[in-house]
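Shown next, in C-alpha cells, is the structure this report addresses.
A, B, C and D label the chains in the order they appear, each numbered from 1.
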Amino acid sequence: MKVALVGATGYGGVELIRLLHNHPVFELNAIYSHSKGGESIRSYYPHLSGAVELIMDDIDPEKIKAKSDLVFLAVPAGISRDWSKKLRDAGLKVVDLSGDFRLEDVEDYRKWYKKDPIAKEELEGVVFGLADIVKDEIRNAAFISNPGCYPTASVLGLYPLAKNKMIVRNSIVIDAKSGVTGAGRGASVANLFSEIDENLKIYKVNTHQHTPEIEQQLNRWDPEIGMITFETHLIPMNRGIMATEYVDLKSPITAEELHKLYMDTYKDVKFVRVRPLGEFPSTKEVQGSNYCDIGVSVNERTGKAVIVSVIDNLVKGAAGQAIQNANIWTGLDEAEGLDLLPMYP
Amino acid sequence: MKVALVGATGYGGVELIRLLHNHPVFELNAIYSHSKGGESIRSYYPHLSGAVELIMDDIDPEKIKAKSDLVFLAVPAGISRDWSKKLRDAGLKVVDLSGDFRLEDVEDYRKWYKKDPIAKEELEGVVFGLADIVKDEIRNAAFISNPGCYPTASVLGLYPLAKNKMIVRNSIVIDAKSGVTGAGRGASVANLFSEIDENLKIYKVNTHQHTPEIEQQLNRWDPEIGMITFETHLIPMNRGIMATEYVDLKSPITAEELHKLYMDTYKDVKFVRVRPLGEFPSTKEVQGSNYCDIGVSVNERTGKAVIVSVIDNLVKGAAGQAIQNANIWTGLDEAEGLDLLPMYP
Amino acid sequence: MKVALVGATGYGGVELIRLLHNHPVFELNAIYSHSKGGESIRSYYPHLSGAVELIMDDIDPEKIKAKSDLVFLAVPAGISRDWSKKLRDAGLKVVDLSGDFRLEDVEDYRKWYKKDPIAKEELEGVVFGLADIVKDEIRNAAFISNPGCYPTASVLGLYPLAKNKMIVRNSIVIDAKSGVTGAGRGASVANLFSEIDENLKIYKVNTHQHTPEIEQQLNRWDPEIGMITFETHLIPMNRGIMATEYVDLKSPITAEELHKLYMDTYKDVKFVRVRPLGEFPSTKEVQGSNYCDIGVSVNERTGKAVIVSVIDNLVKGAAGQAIQNANIWTGLDEAEGLDLLPMYP
Amino acid sequence: MKVALVGATGYGGVELIRLLHNHPVFELNAIYSHSKGGESIRSYYPHLSGAVELIMDDIDPEKIKAKSDLVFLAVPAGISRDWSKKLRDAGLKVVDLSGDFRLEDVEDYRKWYKKDPIAKEELEGVVFGLADIVKDEIRNAAFISNPGCYPTASVLGLYPLAKNKMIVRNSIVIDAKSGVTGAGRGASVANLFSEIDENLKIYKVNTHQHTPEIEQQLNRWDPEIGMITFETHLIPMNRGIMATEYVDLKSPITAEELHKLYMDTYKDVKFVRVRPLGEFPSTKEVQGSNYCDIGVSVNERTGKAVIVSVIDNLVKGAAGQAIQNANIWTGLDEAEGLDLLPMYP
C-alpha cells in the first residue's frame, strides 16, 4: 500500500520516515511540505543520505491521491485543519498528528490553543486514535486524529482506574516530564543546547493545551472524574515522556489489588507493558519503541495511588501510534512495522 | 577561624572545599577521612591540583581539636553518629551533613533509614539548621544538623503556606527531581553514564528517607498538615533539585494573594528569591549558588496551589547551607563566602 | 537458522539481541553467560520485558551445538579465546567480538593487551571481518574475528588512501572520540554519570590496544604505512565514534580528486556513505544504524588530507558488523536485518 | 575602580558579570547593549534576580566615561571595531573580547573573518593579551585584545615547544574540541538541544578563523613554525575546550625531558597547571575556573609529542582572561577575583 507523508521536516515527520522504512506493507512513496517543495529531505536530514532520497513536493491533494492511498499528516496545529479537509475531500485516508481534531468541545480548542477552532460538524467520524484501547472505533473511522504525546502516556496510565470509576473527582495530579524533541525543530533561544543541558524547567504552568485532551478521555470512561492538575517539565534528554500520576481513590486498595487490576486490563494489549509489582519503568527502557510501560504503587500512608507511565514521545507519542492506527484502520496486524525492541542504552 | 572537614572524598565534601576556598573568615586547615588517611585529596580530585594540596588524615578528635575549632562532618548516615559524639566530646563545634540527627522521632529513623537510631537524649541541643528560617535557634545551638537536599527545597517551598496553616491535611504531593550528584560517588552500575544519560527514572517510590524529615518540619508549623506523598526522580544532569509541590488549600486564594504571601514571608531572606508572578525558576538558574528560587501559581480550575522550588543540591542542599549555618552560629554574616552568582550556563 | 548468543549482559550483547529481533533469517533461540546462568536477561535489561524473556544458561558447547548452528561470542578479551576454541571444536560457526583473535602478531597482543596471547596456529583460518571490504575472505572463513570499534571507523576512513599507497610513512594521526557505551557496563567511579557528564577526557594516551589492530590492517594494503599516532577521547554521550584522521600524502591532491577517489572506492559498498564534498557527518547521523559515514577534505595550506569517519560503536563497531559478517558467511544478503535508518534525533 | 560592560547579553558578557561580582577592586557599575538599551539584564538572565538588577543602557562613550574607567567590550567581531575606537577616544581603557584586533596581518582578517578589516594603524599599541605569558607587554598596553578561546588553549599548550624552537615546520596538528557555549546565544536550528545532545560534530573544517591567530602567536616565538592544521569539534557539553596537539620535534626527546621543560616553563605561572607525568586533565577539572591545565607525552613509536591542554572557554577562554588582563594592566595582582576552584562535578 502506498502511503504519503505531508510535513516531513519536523521530528515527528522524520520519525515516520524511520519507522515506515521497515514497514512490510506500507510503502512511503512521496513526501510533501507546505513550504519546502522541491527540496530534498536529505538536505534537512543528512542521516537519510543514500537511504531515503525523496524530494519534497508542494501539497496538492489531487496529486497526492494519484500516488498514494493514505496520508500521515504531520504539520502544526492550525495548519493541519485545512489540509485535512482537502486531503479527505480528495478521497484519501488521513491520520492527522496535530491537535486540531482532538477536542470534541471546540471552545476548549479556542481557549487552550488560542486559535480559531474547526466547525463542530467537521468532527463527525473523527476517531481519537488511542490505539491500544479503541481498536474497534479505529476500524470504522472516517478520519483518525492521533493522540498527543502527554495524553497518550497519561491516559494509558490512568485508564484502568478511570474505566472502573475508582477515582475521586478532581483529585488527579499528573506531573509530566518530557524530552526536548517534543518542542520541535524551530530555532529558539530557549531550546538551545546551552539553555537546556544541565537544566530542568517547568513550562506552560497550568496552561498546557494537552490538559483538556486528557480530561476528555478520562471523562469518557467516568464523567465524575472532572478536572485534572497537569504540569509539564522539560528534561535534558532528547526522547521520552514520564507521567507520574497521583490519584485519590474512592475506596482503599492494596498495591497487589491495584497491580492485578492493571495486569488484567492490559493482559491482551501488546504495546502496554505493566511491570511486576515494585518495578518502575524508566524512559530509556522504551526508547525508539512503541511501548508504553507502566509501574503502579499505593502510598500506604496517604492512600494515594501513584502510577508511572513512560513512552518515547516520538514513537508511541507520535509516529509509532500513527502507524499503529493506520495498521488497524487498514486491517493489518496492529504491530506491523512496530515490533522493535527499545534501543538501550 | 580554623575549620576542619571530616569526610572529604564525597561530592558534598569537595563542594565544601570549593566554597571554603573563598571564605574570608573560615580557613580550612585540615581534612580527614575514615578510610583514606595519608592520601592526598588531589589524588581523588585532580581539579584541586596546585590549589588545595592537603593530605587527608585519620579521624582523631583530639588532634582535630588541636588544629581547628569547627568541623564540617560529611560522612554517610550511620557513620556520622559516632564521630559526631566524639567530636563534640572533644570540644568541637560540629555541623553534621548526614541524616543521623535530623529526625526527632528516633523510630522514624529506624523505619526509613533501616538502621539503628541514636538514643533520644543525644538529640538534646541539636538544631535542624534550616538556615533561612531558624536563625535564632542556630545562634543558640549545641550542634547543627544540616538539612537534607530534598527537604531544603521542599520545606522552603511550602513554609509560607504551612506557617499560615493554610494546607488541607494529608493533601501535599511533592514531585521532586534531582541531578545525579545526589547519589554520591560510589561505583555502581545504576549510576553509570550509559544508564543515566538520556534516561529519566523514578526511584525509592514511597520509601525515600527524606519523607519524614519534610513532614517533621511542616508539622512543626502546623500539626494539622499530617502526611505527604513524596516521590523522587533522577534527572540526567549533575546538579540541581526541583520540587514541584501540589497543595490543597483550606480556603480559595488568588495567584496574586499567594504571590504576595510568599513575597512578604521571604522579603528579608537573602537566599530565597521569590520570582515575579508568572515566572518560574529552572535549576540551572541557581547552579553553584546558595539560592533557593521559588515560583508560585494557583490552578484556577482545580484550586490547587502549585509551587516550584529549586536549589543546587550540593550548595543550598548541602555544603552551602552548612557554611551558612556555621556563619550564623559563629556570629558572622550569614552570607560570608556564599555571595556567589549562579554559574550560567 | 538458529543462532546463539554467548555473553548477553554487556552492551554489545544486548545490542545483538536488539538487532537479531528483527532479522528475517537468524533466530536467536538461546543465550548464555559464563557467570549468570539461570538468570533471566530481563532482570538485567528490563527494556526486554515481554519481548525477549530468555533465561541465560551456562556455557556448554555441546548443548549450544544441539540447539544452534552459529554463535555470536560477546565475552571479554582473555576469556573469549578459550570459549572460541571449545565452540569451534563442537562444530559451531563462531563470530567472536573480542580482541583475542584480531592481531596476527601474537606478541603484539601480549604487549598491548597485557595478557598471554593465543598460540599462533590458532589464528589459522581466522578472518578479520572488516565486512565492507573483505567479503570474499569472509565467505571462506573458518572463524570470524569481528573488528574493534575504533579500528572499524579508522580503517574504513583510510582504506582508499592505503589501498592506493598514497600515505607518507608514519605520518598518520588518528584523533578518535567515543561515546561511553564503549567502556562497557562494569561498575566504576570513572564512568559514573557525574564524572563523565559535562566532561571531556583523553584516556590510554599512546597505549590503546586498538593501535596495532589499525596498523595491521593499513599495512596489509600498503606495508610502507608504518606506525600511527592514535589517541582516544571519551565524549559525554552514549553511542558514536568519530575518527578524525590527519594524513600526509606522497603527492599533492585536490579535494575534488580525493573525494572522487572515495566515491569510486565505496560506490558499491552499501554501508559506507561518502558524503558530498564539503559535508561532514556527525555521529548522531548514524545512530542505531550499520552505516559508516565519511567526509573528506584537503587542508590546502598544509597539504594534509583530513578525513572524518563516524559509526555507531555498538552497531557497525560491534553487533551490526557481527551480523553483517554472519550474513555474508552464511550466504545471505549482507544487509539482512541491518537495513535500519539511523535514529535521529 | 568602576568598570563597565558593553555587550552584556552574550554568554561571555554574563560570565564577566559572574566573575566581577566577587572582584575585590573592580566594581561593575553599568552595563550597555547596542540593541537592548532600557531593558534589564535579569529579563535575559533570570539567574541574576535580586543580585544584579542593572538596566542596560545604550552605548554612549561619553556617558560611559562619566561613570567608569575601564570597559570590557563583549560584542561580536565586526561590531567591536567601531565601538573600540570610540571608547578609546573617550579616554577609556578597553579590554576587547572580539577577534577584531587580534590579527596583525589585516588581510588575514579579511580572509578568515570574511569582513573588512580595520586599518593597520589602528593596531598600534594593541597588545594580544595572552595573560600568562606577556605580562610586561600588558602593563604597557594602549589597548588589550583578549585572545580567542581556542588560541588560548592551543598556544599555552605549545608555548614551551615554540619558545625553544623545537617544532618541525608545518607539522603541528591541533585537534580541538569545544563545549557549545562557544557558539553563543543566537537562535539556530544547528545548536538546538535535540541536534547537539548525543551528537559529535566537526565544523568549519580547515576554515576556522582562529587558525591564523594561533599561527601568529606561535610564529612570534619561532618563525620557522609555519602553518598549522587545525580542526574544531563540537562536544555535547556546555563549557570546556580540549586541544589535543600533535607535534613533530626536530630532535628526539623523552617524555621526562618534555615534562621537565613544561614544568620549568610554567613554574611561576599561577594559572597554568602542568600535570604530573602520565596524568592528563579533563575539561571538567577546570570548569568555572581560570586555569589552563596541561598534560604532556611523547609517543615513543612515532616520535610525536602529544600535548593536551584544557580550559573553560568562558573563563580562561574569555571572561576570566579578560579580567586577568585588566588586573595586570591596572597594576593589581593578576589573580584578583579569579582565585576560584573549579566547580566539580
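Odds and ends about this structure:
Quick note on the criterion: contacts are C-beta pairs under 8 Å (C-beta built on N, C-alpha and C of every residue); 3 or more make two chains touch, one makes a residue touch a chain.
None of these values were measured; they are calculated from a predicted model.
Relative to subunit C, the chain whose mean Cα position lies farthest away is B. In this structure, the chain pairs A-B and A-C differ in their number of contacting C-beta pairs, and the larger number is found at A-B. One inter-chain figure worth recording: subunit A and subunit C are separated by 36 Å, centre to centre, where each centre is the mean of the chain's CA atoms.
Centre-to-centre, using mean CA coordinates, subunit A is 38 Å away from subunit B.
Taken residue by residue, subunit D touches two or more other chains at 11, 181, 194-195, 197-198, 236-238, 284, 287, 345, whereas all remaining positions touch fewer. Residues 11, 180-181, 183, 185-189, 191-198, 236-238 of subunit C touch subunit B in their complex. The touching residues of subunit C, when paired with subunit D in their complex, are 170, 173, 175, 177, 179, 194-195, 197-203, 205-206, 227-229, 231, 233, 235-240, 242, 244, 246, 280, 282-284, 287, 295, 297-302, 304, 306, 308, 310, 345.
Residues 11, 14, 17-18, 21-22, 45-52, 181, 197-198, 238-239, 273, 275, 279, 281, 284-289, 293, 339-345 of subunit A are the ones touching subunit C in the complex.
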